[in-house]
Amino acid sequence: MDLSLFAQYGPLLLKGFGVTIFCWLVGTICAMALGLAIALAERYGPRPLRWLIRAYIEIIRGTPFLVQLFLLYYGGPLVGLRLDALPAGLLGLTIYGSPYFAEIFRSGFNAVPVGQIEAARAIGMAEPTILARIMLPVALVSALPALVNFAIILTKETVILSIITVPEIMYQVNRMGAETFAFVEATLALALFYWALVEVISRLGRRLERRVTRFMIERV
Amino acid sequence: DQLADVKAAGKLELATDMHYAPFDMLNNGTYEGVTKDLFDEVAKDLGVTPNYMDVPWTAELPGLEAGKFDMVIAPVTITPERLQRYTFTLPIADATVGLVKAASNDAIQKPEDLAGKNVGVQQGTAQEKQLQAYGDKIGGIEIKGYGTADEAYADLAAGRLDAVAGSSPNLAYLVKNRGDVFAPVQPAFGAPTYFAWVLRKDDASKSLADAVNQSILKMHEDGRLKAIQEKWFGAATDLPTEVPQN
Amino acid sequence: MDASAVEISNVDKFFGPFQALKKVSLSIPPEKVTCLIGPSGSGKSTLLRCINFLEAYDAGEIRIDGELIGYESPGGRRMPARRLRAMRRRIGMVFQQFNLWPHMTAQENVAEGLIRVRGLPRAEAASRAAEALRKVGLADKMANHPARLSGGQQQRVAIARAIAMEPKLMLFDEPTSALDPELVGEVLTVMKRLAAEGMTMVVVTHEMGFAAHVADQVAFMEKGEMVTHGTAAEIFKGASDPRLRSFLESYNERNAI
Amino acid sequence: MDASAVEISNVDKFFGPFQALKKVSLSIPPEKVTCLIGPSGSGKSTLLRCINFLEAYDAGEIRIDGELIGYESPGGRRMPARRLRAMRRRIGMVFQQFNLWPHMTAQENVAEGLIRVRGLPRAEAASRAAEALRKVGLADKMANHPARLSGGQQQRVAIARAIAMEPKLMLFDEPTSALDPELVGEVLTVMKRLAAEGMTMVVVTHEMGFAAHVADQVAFMEKGEMVTHGTAAEIFKGASDPRLRSFLESYNERNAI
Amino acid sequence: MFSTATFMADLSTLAWAARFTLLVSVLGIALGLVIGALICAARLSRNRVLRGFAALWVSFLRGVPLLVQLLLAYYLLPVIGIDVPAMVAAVVTLGICASAYISEIWRGAIAALPPGQAEAAEAIGMRPRDIWTRILLPQAITMSLPALINELILLVKASSLVSVVGILEVTRMSQAIAGSTFRPLEAYLAAGCIYLVINLCLATFGRVLERRLAV
């Protein structure tokens, strides 16, 4: 193990971390918002829209991010869509993540007892209010671990942005590996970084979880 | 002693990244290319059966060090830094830098035309270093690094790049296959560099490296090397008969 | 026109092949208490849920203050969500299973509708909610979430939640099932006061004593049919229908302690 | 030794700072029906849940047939899960909120325990479950999931589920709250028969008439305290405690129709 | 530009490689579901040690990229004397990694179940094993099925990483094709189609199950 390598490549790797975190944050937030919109459109939308959404979900969810990103970035110009690497990467992440988030939200809504929704309807509450005040808070109890799960998975999907030359962590790790052949050290750096990032996300997730389950009685 | 072990086992475990045409590629699921043709001969000389494994580039050298394979036969450009960490065999092909551009692009006729232009290259390669040096000489080139050469070619086709730099044999094969899209920029530039195979840098590996080198030398002499080069590149280049140290 | 607060005519309701309501008709007079009684599974809850259209009825009509609920016209298309919502604002409901919102405290459960539906400012809604909870004897449990309340306490929160909205028509589905005799008496008092203040009430109950005390009209259902209805005295004293008689007998046998 | 089926002595239970049970003591005689009455929130459900250790009590002792439940020794460590399980097999419970398993049909709800706990073969469990459901008048609803049952039907499934297990001790938390008078009478009959067959029963109820008819012993709780207990006659006729008297008065006022 | 002939040829080549993708993901899923259930049970158990172990399991397996786990399992474990065939290393690593995610999904669903569900089972003296398999998991699975199918689909796609231990599955094969034909668009599109077919099957299965389980 050659530790001097870390001194040499440290700044580059740190820059890569920064880019990864930026891409992940923006991508996750946008994908989650789009996913929620999709889940709602599928729940409340007219029938033809629901079919369209179903097709969107299955196609995006069913194909690898690598393929989507490759088509978007390298295939896009063939049909006149020319994006720079970073915007393409963020757009790609948003699209790729949205169906997963949509399904997780659908799962969560499934878990809300109908009686609670009926109680809100019975007093004439409007559907958007019911959603925000009753369904989302209750759905989060069951959906939050799955949301955190997928946010964590997205941190790892960002490595694919390296194929379109977004200078994120994998891109820099590859560079370090290719230039020095120190693949083991580079991989180790990658693993450590991810463990740190994921640990932070899980901790935040657990804290949020404690918040959304505050109303429940613990039985241990 | 690795040679003895290999002979005793009767087979050689070999790792290569099977998407680096024309050296290593999969055609309908069958492995073929320059490396395979060459190593089939080497194996015959050694009297062992070769077992070719497709392993992504990033896993090859760690796997070699972990003892999962005996050799990495993906073509690796010889550089002084790498020589410190691994044992290289004799060169098996030319790795000098070449350039391709989009066939439809008439603005670029010679390497000097690339001053100030976007040029793609596989990141971290010896070719990238040489391109950098060349760029400094002609007054600046915008270099973009890619994970693999394939992505650089795709971006050239997509129009984001003006040219791609790579090893000459690889580019020649690209142009041969996709002449409709890509065209070479002549002449090649930079110092001559070479591809070779890689073994662990320990005493036990020395015997095997020597045996492989013997076999390569034999192929130099009896013309098999030349024939294989002509088969894949259309022409043969002279290769040094000892491991270059720079 | 029609003087009924709720006019139910020939309502059918199917759950798959099972018919839960069979040509049910009933007029509910305004500003009076109507009790629905009948054996378990006779369709009382279903009828109540049809009145505020939580359950879509399959045939017949239900009119609230003369206005058809749920459909544009009898047997026609569904009415727009906005209009349905507007109608429901005038109807309150206490559910058999309470259906409290588990993530809100008792006070928040009551205040929520005041804020979101009635548009009251938070502070006022909170103080009104506190007031409503005090009336049902829950002053010291206002900050508890439903999971931390006893059965009877939950039921009282549900009652407070409905009453705080001050609806014109109130639907109670067994509002006293989890209450002890003292509280039943109090709920009875509250109902009588509400009726005096002009609220129309429909109450599903199994407690005949309660019905006898509170009801202006009593309706007896069985197997999805409206068997008979009349004043409390008519139903409980001079019951002529044999099904009703046998239903009541078992109660009279036991009610004295 | 101790002749009580359940011996509760000086039991305390806290929910955070709130004390739900305060030094509660009670002997429950074997093969008899004991009714627990008291205002909402007085700790009846909590006491019942302590008896089968669904709620861990904080001080005192509860002994089932002389055996301490929940702890190795009074105030000691928790008992091993295996032994707790063995004790619970002899105790049945009907919950205030029913707690049916929503993913199983009525029949499966009843059969599940017979298969998993009693180890009966599937076929026999199914036929016993069908038999138990027939007895509570649900022969035609056996294949319904709980969501497709009325409140009273759900409660009857819960009763059938508990009775089918043939426990020696049965804990009922308001087993008739959602039942109509006819069914209440039937449940009463069933209980009397079970008591005659040797089952010990503890019943939380708000229906004084029911308690008066079924109970051998009646215990009155208030604010987490065991106020008084005695035979049904002692409690309902000669009530001397002022709190008990005011509790009962509101009932007597209303119970006649 | 786009060559349909190449695309079709790629498709047939990839269909052949799909058997490895299928094999690895099906076995990985099966393993992941079983271990996931156990880890979830451990995470929610009363036993402190079990809980800590499960928390560590989830934290490690979610924290370290699957790629790294595979490299560890295949290239580093031999160093301490555990040398397994590539296929076994791939399936086990994939299954173990998936178990961490699956257990979290179920944990969320179980947290949302009314506590009375388990209490009713405990009260009759049901064993924890039966409470889990008969009461909690069936409801949790039904409730979280869309999220679970999400996870399984991700697993199918993550199986592409097993190429680092030398298994020639769909993604790797498509890269190989792209490298030799210099037509990456066609190759990747073909790979996308193969994954889509597999995942559509999974998704459809999930939907049918969802409709079946809905009560």
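Letters are used for the chains, namely A, B, C, D and E, taken in the order the chains are written, and counting of residues starts over at 1 for each.
Here, contacts are C-beta pairs under 8 Å (C-beta built on N, C-alpha and C of every residue); 3 or more make two chains touch, one makes a residue touch a chain.
Note that the structure is predicted; figures quoted are calculated from it, not measured.
Participant: Steps needed, at minimum, to get from chain D to chain E via touching chains?
Facilitator: The least step count works out to 1.
Participant: Where the contacts of chain C and chain D overlap, which chains show up?
Facilitator: none
Participant: Measuring between Cα centroids, which chain is at the maximum distance from chain C?
Facilitator: Farthest chain from chain C, going by C-alpha centroids: B.
Participant: For chain A, which other chain has the most distant CA centre?
Facilitator: In terms of C-alpha centroids, the chain at the greatest distance from chain A is D.
Participant: For chain B and chain E, what's the span in angstrom between their mean Cα positions?
Facilitator: Computed from C-alpha means, the inter-chain centre distance equals 36 Å.
Participant: From the C-alpha centre of chain A to that of chain E, how far is it in Å?
Facilitator: 17
Participant: Averaged over CA atoms, how far is the centre of chain A from the centre of chain D? Could you give it in whole Å?
Facilitator: About 49 Å, centre to centre.
Participant: What are the residues of chain C that contact at least two other chains?
Facilitator: Within chain C, residues 97, 147-148 contact more than one other chain.
Participant: Could you list the positions in chain A whose residues touch two or more of the other chains?
Facilitator: Residues 70, 74-75, 78, 138, 187, 216-217.
Participant: Can you pull out the residues of chain B that are in contact with at least two other chains?
Facilitator: Each of 58-59, 62, 148, 151, 154 in chain B touches at least two other chains.
Participant: Between which chains does touch occur?
Facilitator: Chain pairs that touch: A-B, A-C, A-E, B-E, C-D, D-E.
Participant: Quick one: which bits of chain A touch chain C in the complex? Just the residue numbers, please.
Facilitator: Against chain C, chain A makes touches at 113, 115-116, 118-127, 129, 133-134, 137-138, 212, 214-217.
Participant: Under the touch definition given earlier, write down the residues of chain D that touch chain E in their complex.
Facilitator: 52, 54, 81, 85-89, 91-93, 95, 97, 99-103, 112-113, 116-117, 145, 147, 162, 165
Participant: Spell out the part of chain A that touches chain B in their complex, as residue ranges.
Facilitator: Within the complex, chain A touches chain B at residues 70, 73-78, 82, 162-165, 171, 174-181, 183-184, 187.
Participant: Across the complex, what residues on chain C touch chain D?
Facilitator: On the chain C side, the touching residues are 15, 37-41, 45-46, 96-97, 141, 148-153, 156, 173-174, 177-185, 188, 206, 208-213, 236, 246-248, 250-257.
Participant: Hey, which residues of chain E end up touching chain A in the complex?
Facilitator: Where chain E meets chain A, its residues are 1-2, 46, 58-60, 62-68, 71, 101, 104-105, 107-109, 111-112, 115, 118, 143-147, 149-151, 153-154, 157, 160, 171, 184-185, 188-189, 191-192, 195-196, 198-200, 203.
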